[in-house]
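Okay, got some structures for you below.
In what comes next, chain A is part of two complexes: it sits with chain B in the first one and with chain C in the second one.
The block that comes next holds the complex of A and B.
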């Protein structure tokens, strides 16, 4: 297989591994209209969400998430559907500052109704899809890849097969000049000191420790012991015994490279190096934060099996065990269970995964993409209910 | 007033089969099943990664959705490893309503397997449940009062005088959260007075009649509202009766309607 990477060139030396036309509703009530446009179009994608413009403690975080998601380099264009509130207009402005490739704005109030938006949106979406299809990939440097690491539905083999295999592929990509990001703060609880020891400076190491402690404080403040929720029921059924076992296994995704920095949720990911991003373990909140940070491909390791994907980031599913990979093959792109079966070595599966990441980066469609799994979740810090 | 006898769920004004994803991970599978059989579903971001009171809160919320009087039958679709276990939720629902079933993707052969089994299970539920048109003995109307400046005393008095039960939700500053509160109290129809800076919106299982204000946004979006700001009490009451008897609200016709469930603690 050719080891040449090809991608879509964007401004500021950013690169897209896909050329999506994203229909982005900036108010929850516009979600159905956005979905309708995408469903009827020649290949545009859309997301739904539950934000109605609330100006509360989470406002900045949500604005940052939407603007980053819109500006992700995998988007050829983003069609914003807006009712035109100041918060929504701020999202569009910030997306432009982040170097969005192409932005179209459909203002519901100017067009007069949601059904009129659906008609106008479909026309624009199809013309953008046509433009996107006409653009060609060109040869790209390894720094064009920003890899996100994710695990969900972990089991007893996660830390032995799939996560270390992802670590092998991540190390190789980082060495070549790509960026790779570990997230899921709640799932490295208990293993943070090991990651901190791999930071390029003591300050970054201290930041890793503090990021985990800060998350725990934000939950303990509510009078709840976060350690009581981990490992989850599904994890225990999958054979995980303790939080430490889960965390030590989860941390394996990041391989053995040094950490070049710590990122806040949805921060823009630098071009090269291994980073830690503060995200919830919640799979779709994490995926959304990754996308908002500009990550353009994800490897998602899973023990129990999950269909979840992203509207804009190809999400490669790596199974930890052969039993699950054979039982639900339409969710899994590659099986690392062969390591535990004694059929392949860790290095071999790590190499297969590296090749698969490259193939997917070059355009090969993942199972989650084929199934149109476009889940999207906003990560909020504060309560949304009057207690 | 036309109604549908939904057994222990009560008498509803719509006859919706609900495909309920018990976790965000099964929303796509649910939407494929729903599309194939003409049922109702919706995307949401809940079901996993939460702790504390939210586990009970969201479980109760899902149970209220599945047991709503406008629902004929419910198919719960879970993933398998989530916090809210689909089978436990379904068991809880089955204790009250026999027209409930559940499926778990991790035990049903993956996405296609779950869609196939889900379509079959949903059809079996349809066959089990035969719609029985009846008269609605008493209307339970929900009023979403997100628009502070508005007084609804007059319309409330007029409706109460003809025997309508009314629940007003004004505690949340957001129509979506008010809708959720009203859904949990089992209202048949929602009369929504959104804030002047908010568009018309709705709730998937409950017909939502949107009344505009004279705000610039509402005037610009007048087509999306069922009634204008100057609608009389008689016009409002007439609209409520037509909607009960089958007329689709503008938001129902658009297929719009997201669910917004309140949370106490951030995700883990």
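The block that comes next holds the complex of A and C.
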């Protein structure tokens, strides 16, 4: 297999591993029209959501999520469908500032009926898809890869097989100059001191500790006992005993590289190095925040075969155990359970995963992409206020 | 990198030489003997696949070490070969309930 990375060149030395045309509705009521355009087009993708322009405590977070998602380098172009509220126009402006490759805007106020929007949208989408298909991949540096690390449906083998295998692949990518991002603040609670000790400066280490402490304060405020929720009942049945144990296993995804920084939810990911992003444990909210941060490929380790994917980021499913991997081969891209079966070593599976990440970066379609798992979720911190 | 040690019979995984527990890769029955190199244990309870077994004697309040790191402490003395789980281990992290109670006191 070729070890050469190829990708789609964007402005500002950004690189796309896919060349999507994204139809993005900026108001929940436009979701159906966006979906209709994508479904009838020659290969555009769309997401649906529930935001209706609320200006509340989450406004900045939501604006940041949409603009970053639109500007993700995996998008050749984004077609915004808008009713033209100030918040929606701000999203389009910010996406342009983030270096969006190509933006088209369909304004309901100007075009009038939904059928006109759908007709105009389909025409634009098809012409953009044609342009996107005409663009060729060119040789790209390793910094073209921004890898997101995710785990969902953890089991007793997660911390022994799939997570450390991802750690091996992540370390190798970081060493070559790629970016790699660990998320899920919930899942490092109890292991943050170990991650902080791997920060390149004491300040970054302190930031890791503070990010987890901030999260812990917020759940204390809500009166939630994390020790009751984590490890979950399923985790305990599987053999995980304490929160620290689960977190130690989850943190294995980040390998042993040093942490170059801490990112807030949906912050733009720098070109190279290992980072920690403060994301929620909810799989889809975390994936959406990763995409908004410019991450262009994800490895998702799973003990139960979570099907979740993204409309714009290829999401590689790495199974923790052979039983599940054999039961649902249509969801699993690679099985790390072979490590616990004594068939393969951690280094071997880590190497296979590295090769697979490269193949997927070069265009190989993941199971989640084939299954059209285009999940999208906004992450909210506050109650929604309707004004 | 994580140094994994698996017994030849593929029943037991030791994740780090500092660990006082190992992970069972198959369901273990009482009386089963695992003997390889320095490891010598007789299974004391039925232990389900994926659960932990003590590979060293652990005194009450001693740390439970997995991956070479502390993942909690023993709430009672644990013999070699005993099942190590929620019935004899507690995380070191205070629960929110405890934090709230301490703040009130």
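One rule holds in what follows: the second predicted complex is superposed on the first by the 376 of 387 C-alpha atoms of A that agree within 3 Å, B and C clash if a C-alpha of one lies under 4 Å from a C-alpha of the other, contacts with A are read in each partner's own complex, and residues count from 1 in each chain.
Keep in mind that, in the parts below, contacts are C-beta pairs under 8 Å (C-beta built on N, C-alpha and C of every residue); 3 or more make two chains touch, one makes a residue touch a chain.
Because the structure is a prediction, the values reported are computed rather than measured.
Visitor: Based on the superposed arrangement, let me know which partner A:159 touches: chain B (first), chain C (second), both, or neither?
Guide: second
Visitor: Taking the superposition as given, does A:197 touch the first partner, chain B, the second, chain C, both, or neither?
Guide: neither
Visitor: Identify the partner contact of A:238: answer first if only chain B is touched, second if only chain C is, both if each is, neither if none is.
Guide: After superposing on A, A:238 lies in contact with both chain B and chain C.
Visitor: With both complexes superposed on chain A, which partner does A:50 reach: first (chain B), second (chain C), both or neither?
Guide: The first partner, chain B, only.
Visitor: Looking at A:206, would you say it contacts chain B, chain C, both, or neither? Reply first, second, both or neither.
Guide: neither
Visitor: With both complexes overlaid on chain A, does A:138 touch chain B (first), chain C (second), both or neither?
Guide: Neither partner.
Visitor: Just checking: does A:219 make contact with chain B only, chain C only, both, or neither of them? Give me first, second, both or neither.
Guide: both
Visitor: Between chain B and chain C, point out the one touching more chain A residues.
Guide: B
Visitor: Counting contacts the way the document defines them, which residues of chain A are shared by the two interfaces, the one with chain B and the one with chain C?
Guide: In chain A, positions 219, 223-224, 226, 228, 238 sit in both the chain B and chain C interfaces.
Visitor: What does chain A use to touch chain C in their complex?
Guide: By the definition above, chain A touches chain C via 155-157, 159-160, 164, 167-168, 189-191, 194, 219-220, 223-228, 236, 238-239, 241-245, 248-249, 252, 256, 339-342, 345-347.
Visitor: Quick check on the complex: what are the chain B residues that touch chain A?
Guide: So the residues of chain B in touch with chain A come to 24-29, 43-45, 48-52, 57, 79-83, 85, 105-106, 109-113, 171-177, 197-201, 216-217, 220-224, 254-260, 262-268.
Visitor: Using the touch rule from the top, collect the residues of chain C that touch chain A in their complex.
Guide: Per the touch definition, chain C meets chain A at residues 1-2, 4, 6, 10, 13, 15, 23-25, 48-52, 64, 66-67, 69-72, 84-86, 89-93, 95-97, 99-100.
Visitor: Which positions of chain A touch chain B when the two form their complex?
Guide: 27-33, 36, 48-50, 52-54, 83-85, 108-110, 112-116, 153, 186, 218-219, 222-224, 226, 228-230, 232-235, 237-238, 280-285, 304-308, 324, 327-331, 371-387
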